[in-house]
Amino acid sequence: MSEQKTLLEVKGLQVAYGGIQAVKGIDLEIKQGELVALIGANGAGKTTTLKTLVGMVKPAAGTIIYNGEDSTRIPVHHYVSRGLAMVPEGRGIFPRLTVEENLWMGAYYRNDKAEILMDLERVYGLFPRLKERYKQLAGTLSGGEQQMVAMGRAILSRPKLLLLDEPSMGLAPIIVQKIFEIIRQIASEGVTMLLVEQNAKLALKTANRGYVMESGRITYADSADALLANEKVQHAYLGE
Amino acid sequence: MTLARYSLIATAVLALAACGKQEEAPAPDAAGAPAAAAPAGDEVIKIGHAAPLTGNIAHLGKDNENGVRLAIEELNAEGVEIGGKKVKFEMISEDDQADPKTATTVAQRFVDAKVAGVIGHLNSGTTIPSSKLYSDAGIPQISPSATNPQYTLQGFKTAYRVIANDVAQGGALGEFAATNLKAKKVAIIDDRTAYGQGLADEFEKAAKAKGVEVVGREFTTNQATDFMAILTTIKGKKPDVIFYGGMDAQAGPLTQQLKKLGIAAKVIGGDGFQTGEYIKLAGDNAEGQFASQPGMPKDKMPGFADFDKKYKAKFNTDIQIYAPFTYDATRLMVEAMKRAGSADPAKYLPELAKTDYQGVTGPIKFDEKGDIVGGQVTVYQVKAGKWEAVATVGSPAAAPAAAAAPAEQPKQ
Amino acid sequence: MLANIKQSKPAAYAGMAIFAVVLAVLPFVMGATLGNTWVRNLDLAMLYIMLALGLNIVVGYAGLLDLGYIAFYAVGAYVYALLNSPHLVPMLSGTGFEWLLHMPLLVVLPLAALLAGIFGVLLGSPTLKLRGDYLAIVTLGFGEIVRLFMNNLDRPINITNGPQGVNLIEPVSLFGHKFSQAITVFGIEFRSVHLYYYLFLALALLIIVVSIRLQSSRIGRAWVAIREDEIAAQAMGINTRNVKLLAFAMGASFGGVSGAMFASFQGFVSPESFILMESIVVLAMVVLGGMGHIPGVILGAVLLFLTPEVLRDVVNPLQDKLIGERLVNPENLRMLLFGIALIFVMLVRPEGLWPSKQRKAEFHEDDDLKAKDAEKEAAHG
Amino acid sequence: MANQANGEVLLEISGIHKRFGGLHALSDVALSINKGEIYGLIGPNGAGKTTLFNVLTGLYQPDEGKFTFKGIDLFRKKPNVVVESGIARTFQNIRLFHNMTALENVMVGRHVRTRANVLGAVFRDPKTRAEEAGIHERAQSLLDYVGIRKHGGEFAKNLSYGDQRRLEIARALATDPQLLALDEPAAGMNPKETDDLKKLMEKIRNDGVTILLIEHDVKLMMGLCDRIAVLDYGKKIAEGVPEEVKNNPRVIEAYLGASPD
Amino acid sequence: MDIFIQQLINGLVVGSIYALIALGYTMVYGILQLINFAHGEIVMMGAMITISAVSILSGSGVNLPGPLLVVAGLLVSIPITMLLGFTIERVAYRPLRKAPRLAPLITAIGISIVLQQVAVLIWKNNPRSFPDLLPHASHDFMGAVITDLQILIVVLALVVMGGLLIMVEKTKLGRAMRAVSMNQSVASLMGVNINYVISMTFVIGSALGAVAGVMVGANYGLAYPTMGFMIGLKAFTAAVLGGIGNLAGAVAGGLLLGIIESVGAGYLGPITGGVLGSHYQDIFAFMVLILVLVFRPSGLLGERVAERA
């Protein structure tokens, strides 16, 4: 594992809104091919961390080294071409674009039409549901299908690192299962992933490694299995 | 709210006042355009002139101003004595922006400047509200171009005009349509401005009185360019003549759209579009259409040829419409002063009422309301791309059916 | 305001007294130095102050962007004009409604305010659910509709006399004295412009006092609360519908008073005095001066009304002297400056020239408000 | 009012449904809150807690169901009627009047309990002045009550996060509620602030105001609430005293997540 | 009946012009939720610049057939209006994107006034006649009359609108525009440069405005510096009627408003026995605007967006 290349390295990251620190100096490291889970209670700063990693929020301090390059302060729309994609919380699909148009938006920065078409087929392979509904407006899909669109769209940007924010939120358990199956499948195809998830058990069972975040700080960092077994983590999570 | 703030406002207001004062410092001529400066020593008599000098009829306002200027420069050159003293005249020209509110401000400026008389305003909408201020201050006002009957119906002793009013113009046009054009059915459109509506109403009355059927009354605005809808309605009523009360900017496209719809009826209207601009805007379709102008045709005005020469020499431009009227108004006002032996409004006002003046536009006498007696209206037609006088109709009240005989004005 | 005086120190009394004297002698100082034209301008400026303060209630306090405000001015003007001119005499004579004509000022003025207020509610009620731009556009439409009706209600029954306008409106008559005539008191001649000045000053002060008192009442707080956050205001039990309508009604009634006075002052009203541009100018007075802040609004009204008058005195003579020709006309220049000022102030000083502390805070909250929003997000993310 | 027995029902809803387009945000929710208790509402993100809150405070109109408060029917009533009946609330994302001072914010809260109209405001008759003085005094004492009196003159938006939360509570209390509904009041607070908040809530309850509380901090909820209801997917999956709820397998599953296997 | 058909044709012609201008409003509104008050002035600029360009060209002895001369004029006016649109967004709207909504609305009014006054400075406040360069032979159509120019206007408007629809529906830029209008931050995550897309929206809308301006000028034979306001307001009404933000809606709204106005002005008088008549023609637009905004703010084709508290 140590031979693997470090894809993302975050050092001393702080994010402040006004006077309040949402993220209070965290370190993260993600190696090529890993699936890392970031778990923690509501308001712990997970989403803020993710947003900072793709430039949607500018950090107050700290550095983000991505693929060996400092990417702390480049415009948001430049991240995707560097191989960083995010599936935002609440999915963020374009409701009045069709399913296929949504997917094409994922490939917005790319100009290799033939390759895009291949990737499109691959996404349809992963999500046959989407192929059935490719002409439907995405806003009319069910929550689970929308999540599929959001993930498919991210895949079409050919990410090296995929950030997933709460993919299970608001979805019925059976759909959650399905989404996580696909997450594992994408991971198995070699895409590195950082997963923010409330459903801690599910997230840790899927991931290789995990970080636990509390009040803007990383409190535990370990392998997923170790964290799952850690009673303190369970307590921290459930509250007592 | 603190007192400090109030005092700040006060300071601001005072500061403004102070600024205003400094800027006003070169007072007399600052207020108006450069006028023929009066040499020191002579008594200076100020005459106010007001018209829109900016905005979309600024060219007409400028024309009015030029008429006054020409009269004053001539008078100063001739040397005028009033009450045994040599006097010089000075014009103060103000821009009323064709806006009623601005017009009253301008009127107040004239009152402040103690002008002996006012030539203006150009529009009825500005002439009427300002006439009240002149009346209150006792300053005689002669409008060269305001044709709304209301102006002289207010009972002000100071209000005069040297042009036939809308009753005369509308009436003359109605008569022309009935008699000369032999119209049986007319449709009337107006632009919902004081001018257009007033003229259209008078036309309607006159036409009806002559037994012409009014088959349609439609409306537009003075900002409109699309008349297809109302013209289509009118088309269904098959009129012989379409009267338009409004200005050239609408009359032009209206005439074009008429042709587009294949309506053969003639267009007829008032002085609002008896302009070169109309011919430009209506293009070929202007040919054969009619519009009137108060007064005699220019070539029949007794002193017009001479005036035209002087005007062109001085201003290097063509007369628009009303310059001869402002010229006459200025000169007849001075005549009244001479007769009264005073430029004091109170003294010469009675003389003004008794005016009997032979001007470049023809003979001028006022009735008891201040309207010109026997004011005439000339109807023009576009022929070969130019306006040509085709008939002159006398004011129905003064000279009924005097169409062909402009020279036979009653004189006393 | 009166309450404030009670609480303030002697120095403040002195300041107040000086200010009162300044206001009292201003027309004579102006008249002596600049001529009565400027007194007349002061009178008109006072009308605009009333108008701007009325719009300030709607836009400044309650945050409802009204682009048709001039309609209420028009309503007030026509109410006064129709009841105090010969125009309706033929129609009303013999109908038993002659008593409507020539009512005393103290009746006509509240009537104008009331009718304008009712119009405010009528025009306001359909717009309650609309926000921002849409509200602006709908009120703009209402303003134009009112003007078009005034322009066209001369047929089939002649009510407004259409585009000809209503003429021969009687001047204000107070205590048996007609304002069109000069009156001499203690050897000082008070001319018509002076009398109107004091009347308008009194009304403007009245409107200022009412504005201040409303602002610091539970109603004023409710307006601001709605402007700040309508949902939270609802959650505080504020009946947002009624409170908004009240803002429309109050603002409109100020406009109505101002309009009635305009009619009597001018002696003539016609629809062309109530065009959209007038609404925009009044809005600009409020915005450029400082929304919601009474001294700012007054400053805005005075500046925007008087600047063109000053330009009239400056631009043409200057051009005549410098180039001997009038290339730019003052009206053109005024509008150009006006447009540029609107843009410039919004970009550089969006809170206006003389804002309240509150507004200043609001318009400079970009950064820290964004931060706050994000922070909340963070708190729940 | 003071001697009413604990256990008297203050608020009662049943069969509440709320749909947004295709989303069934609340389905058949029933609960009753007793006078004087602190009643907690928990559930994972998106479970419908805030929607229920908005229904209970009149911001959302439920599609069907029953809603009574003190025996008064509040089904589909406007927020101002709800507030007048005695339910006040705070917001998940603080919704203060940013550009009003803290004191003014609380004074706005008195709106629903005061009556001065335009005439009163303009003429400042003795009654209005007395009322205004009362508003001022009450607002001051409420600022004192939540412990931010010294910030009374500051703009609400310039207060610290914790103080903004307190101010929102003071503003809600100004409407004289019998039921105070707090939407995640501890979110974003550090442990010290959370602890202070807990004390404040206990104080409010001891002063006779019933509290309905949504909170993510389960630990806080367990220690504070008399009873807790758990929502998941718009349905109530459990209700009871904290100990029961904590050991309810459905709750554990909802929170920790269903095991993937 | 022929009168009715004529009114429909009249409405269709005016409506096509409204539709073309409405597209400019709706594009900007869709992407920024901003009423670009200055769009009417862009239309005016397009017309005035074209007239000037054409008269300079024909004055300098260029001997082209009429239609080509108009095209040459458009080639001058379109880039200038595009640049104007770009500059307006850059100067007056972009710095205020995060400001309270009132602020950009007021700068928009300011820009509108400035453009109008600049036009007055350049062209004076008189109507300019549009040179008679396009064919305008009349044809009979079921008893009504339609001219070549009118046919040309309707066809050209449809072609331009069709082109725009294809651009927005089928191209990458169009997709990006739609995406930005729905969710800016997610669109930027996809690599879309938001500022670029917004600028392009203004630029394209302004080009359409210029074309519409020339149509107005050619159809009515004149243009003048203050023409922008009224036509802009009506086109905005059309956009609202169709569902603002919705391109097809703008087209439908434009055509419908044209017909409402035309038929209304033609038949309101007879229907109301002369109480109301063509003097209320301008009121139709405002009435439609108010009724739509109050009763169906999403317009005819816009989807209803449930407002969340």
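Order as written gives the chain letters A, B, C, D and E; numbering starts at 1 within each chain.
Here is the rule we use: a contact is a pair of C-beta atoms (placed from the backbone, for glycine too) under 8 Å apart; a residue touches a chain by one contact, two chains touch by 3 or more.
Per UniProt, the chains are A, D = ABC transporter ATP-binding protein; B = Branched-chain amino acid ABC transporter substrate-binding protein; E = Branched-chain amino acid ABC transporter permease.
None of the values given here were measured: they were computed from a predicted structure.
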Partner chains shared by chain A and chain C (touch criterion as defined above): D, E
More contacts between chains, B-C or B-E: B-C
Longest centre-to-centre distance from chain D, chain (CA-based): B
Per Cα centroids, the chain farthest from chain A: B
Between chain D and chain C, distance of the C-alpha-averaged centres to the nearest whole Å: 42
Euclidean distance of C-alpha centroids - chain A vs chain B, Å: 78
Approximate Å spacing (C-alpha centroids) for the pair chain A, chain D: 34
Centre-to-centre distance between chain D and chain B (centres being mean Cα positions), rounded to whole Å: 73
Junction residues of chain A, two or more chains touched: 20, 42-43
Residues of chain D engaged with two or more neighbouring chains: 59, 161, 187-188
Multi-chain contact sites of chain B, meaning residues that touch two or more partners: 54-55, 58, 192, 219
Contacting residues of chain D [partner chain C, same complex]: 57-59, 78-80, 82-84, 88-89, 91-100, 104, 107-112, 114, 116-118, 120-122, 124, 128, 131-132, 135, 155, 157, 161, 171, 175, 184, 187-188
Residues of chain E touching chain B in the complex: 3, 6-7, 10-11, 13-14, 125-127, 129, 132, 136, 138, 145, 147, 150, 216, 220-222, 224, 226-227, 230, 261-267, 269, 277-279, 281-282
Of all residues in chain C, those that touch chain D in their complex: 3, 209-210, 213-214, 217-222, 224-225, 228-229, 231-240, 246, 250, 358-359, 361-362, 365, 368-369, 372-373, 375-380
Parts of chain B lying in touch with chain E, wherever the complex brings them together: 54-56, 58-59, 192, 217-221, 223, 225-226, 228-230, 232-233, 235-236, 248-249, 252-253, 256-257, 260-262, 277, 280-284
Residues of chain A defined as touching chain D within the complex: 19-20, 41-43, 142-143, 166, 168-170, 172-173, 176-177, 180, 198-203, 205-206, 215, 234, 237-240
